[in-house]
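Across the two complexes that follow, subunit A remains constant while its partner is subunit B and subsequently subunit C.
Entry: the complex of A and B
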């Protein structure tokens, strides 16, 4: 990713933010390329939102610097930065109509009334909500408010759009629909999106690259595939998707190897004895089966101790049952060594 | 919750009784302002508007109304400025002694008027050596008027959070533009409600006023007290009382409606 040529949209250098004794952000170095869909993924309290607020200018770093498009903006106010934010709770102005909300950024920049109304309508059209222009935010549904907040942020054509868990308050169906819309919008506008979320699936679906946060630091940085297929440590392996984790003593018992390993449930196959050539295997007893629609989750207690979760696609016809003796198998390549 | 018909009837009866005790005397005052008999015998046997004419031509009553309006407007203005500033300070910043300041601001509304009155009287005359007059009344009233403004504004600020202001700054508005276009419109109804309550509080205040007004300063409540027991003045006082009732009810009613509207909008 780090081509030497173009200036990154955002560069964070040794960024730290302390609140009293708490190191909310504890040394973050990061470059986000122009036009990238970049996600910051982590549980609440991992520092991802604080990083976003430092980029927006709502907080000032304890040390380190924020560089936007090659210019060091550390110490400047939010209104001096060419970034816009979509807030988690949308923060729409309740005393203004939807149109006035969307036109706000243009109004405070001194754009004439006629021009800003036209551009605000255009932005509303982008999110397909021209018909609610005259309503108040309180009269809209959650999904509509979400899109108004988006329209309000993109109308001033920022170089970077910061999104703070923008889909967190929506129900599942709407969230999936908005994910598709966000991705399309980002491609259409070509601006850099920095997306903060605690939802690993959302991050995997949307992003060009993901930074996984833990206790104020980035523990892994990479494409969704890199993050999912080769998690660097136990934390990433268990936070992003489900993993079967082998502690050192379990590794020795089951795998005959030293170290920590992770194995994704969908990489394991079940059989009553035939093991594909070259595969590793172990014997066990089925402890639980759960029907998922798209497949079955089978929990197997291995004879050597640990419990494995196996994800069987629904294309496998023979369903095992609780108490069945089975052989679990996987390819050696699918074992991920953790640091 | 379901109540038995009997319970419901008893509760309705009690409510009616309480409201009657509260409001019948007010109606009597209204009736008496039209009572033809100057000694106000009850029931009135004739109707007259003479007292209303007399009251409107009474120089003392008119001066008293004017003084009261001036005091109420001035102390409300002082309360608005100081109340908003304190509310912002306590809501937006953390500092040593914050809770103490909060308590000290609210306390004057709970302090007995007589204590406030004596304390201010001593402070003005004994320590500061200022002449008692309309200015001292304004200062005295402002001490408790601040509370209503403060309470309304801080409640609104709490509900608002800082998010709207951040959104405004994020969209490119400077500090003053944000205050003008976002913060102030959010506070407007809270300011109106707090200001109207403050006005009403000041307008009918009598205890603190007694101790802080000089001999030449007569607010309306004081004028009423002075004239109540004078022969032939009773009916005129009744008229003034009716005017006072109306002037006090209207702001409270408006303030309540504003507060109610603000509630439903959110």
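Entry: the complex of A and C
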């Protein structure tokens, strides 16, 4: 887990962006270390994409500053910044061949034809698409276009690569495959990746650190484990993965404690009476069971009122049914106190 | 395309209608025939037949004593317009005016269209579209006469230019070019605007992101992508100017364009066959222009 070093690749100071009355970005302070795989996670409208566009230079902040590698670049144009973007719609130039697309960044920098062709082919090799060099973007599949967009962005060797929901348009299978490729590419190139996504699973699997966005602010910043295991508040607990949330009155009824708590479904076990030593338990009735393939989701109505979702791994042979009386149990450590 | 199956509960308006509907639902060719019969008849009649009539008329001649049309076929008219220097001069003049009008319109339209499609707020964009379309509601004649009055001695143009030591160009080819460029401008702006709008913003951002300055982005990304739309717009200004004879009568002074020659031969000179032959000239030029433009894909933008 990399921690912010002495000269971070990106430093955002008091960043704000207003569109009319809407505060799309409402005071973001952030340091992203060199070589880090950093994700900005949040639902649409949470401000994560606007932050990315402020870093790229497509938007200028209302206030605050963007510092790249120690240089304040606030107020400079995109072409003056040493960052490159992989766009959500890939933004490949339809009138150029794949090779011309990839070589574009070198061409506008005045790199000679022979040199830029060689480097573009090299970048195409990195994403294993040398064989489509002479085709047009329209002749490629979504996954191929995605990789061309990557090749086009890395060919100019930026210090930071910004990725705006790059896998959003791909189907599940391809997305999982591209996640592995992205991670490998980042390790190989050693450049900083800033990855914007609304897919919490994607953020958890790929990132060194994650910033969870809500209404233009960062609500929690930490490693995937920290975000998942100790969500700071109800918003993070319910947005990242699923959580059973206990409101103050429910906490008193079920747990006999004051405050708000979250409990992950997979941390709860089901039994017909035996409770492991040291565990907390409650009685309830099964309201619904859903088969998931990898396991079963069991919804339990507790006698004390609230409804709990339990995730049973498929290795557990007990198959409870609707209407069964059960005992749910969990370790006290697995309860997360929310602010 | 599959025909939607007729639901049993549908067709409230009686069994006959229902039978007709289900008959049509399963016969796509009959449906297509009914849909296109009327417009196709119209097109064939007014378009193809009229064009053929024009071509045939050009091969007739007029008896110079009686003024009667002689319907035996001859190539005399075509020979006359290709050899007489008058027709060559007028054709070149018309071509020059049409090209100049087109160049001016494209140069003026490009930045306006870019502003409308990529810079203006949605509200400003709507206002601009209305502003571009509004002149089309005014009569052609009114606009031509407005220019006549503006270009007159002591008119608006004089009033604006005199303080700078310049004066109105007066009536002549310059006035024709100005008037035509003004009148056809909306027809050039609209297709270019539509073409610019089809270029995703992300392409412009991607070019900047990869290091291209704004000018470079316009040259390497915007222009290649809107070129077909520019050519589509130029087809309008070029062909409309090519066939015009009204504004040249109003602001053109003594100058003649192809349209005037057609007009005089139909009317005063009473030589319909020669008029038809002259009318073929802009048609041939336009076909050549369209053939050249077709290679760029501009016809997909009309």
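Here is the rule we go by: the second predicted complex is superposed on the first by the 334 of 339 C-alpha atoms of A that agree within 3 Å, B and C clash if a C-alpha of one lies under 4 Å from a C-alpha of the other, contacts with A are read in each partner's own complex, and residues count from 1 in each chain.
Operating definition for what follows: a residue touches a chain if its C-beta (ideal position, glycine included) is under 8 Å from a C-beta of that chain, and two chains touch if they have at least 3 such contacts.
These numbers were taken from a predicted model, which means no experiment stands behind them.
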With subunit A superposed, do subunit B and subunit C clash or fit? clash
So in the superposed three-chain picture, is A:152 touching just subunit B, just subunit C, both, or none of them (first/second/both/neither)? both
Taking the superposition as given, does A:50 touch the first partner, subunit B, the second, subunit C, both, or neither? neither
Once the shared chain is lined up, is A:144 touching subunit B (first), subunit C (second), both, or neither of them? neither
So, does A:84 touch the first partner subunit B, the second partner subunit C, both, or neither? both
May I ask you to decide whether A:251 touches subunit B, subunit C, both, or neither, giving the answer as first, second, both or neither? neither
Of the residues on subunit A, which ones does subunit B touch that subunit C also touches? 56-58, 77-79, 83-85, 87, 89, 91-95, 104-105, 107-109, 152-153, 156
As the complex stands, subunit C meets subunit A at residues 200, 202-203, 205-214, 216, 220-221, 224-225
Please output the residues of subunit A touching subunit C within their complex, sorted ascending. 56-58, 77-79, 83-85, 87-89, 91-95, 104-105, 107-109, 152-153, 156
What does subunit A use to touch subunit B in their complex? 56-58, 77-79, 83-85, 87, 89, 91-95, 104-105, 107-109, 138, 152-153, 156
Taking the touch rule as given, give the residues of subunit B at its contact with subunit A in the complex, in rising order. 163-164, 166-174, 177, 181-182, 185-186, 265-266
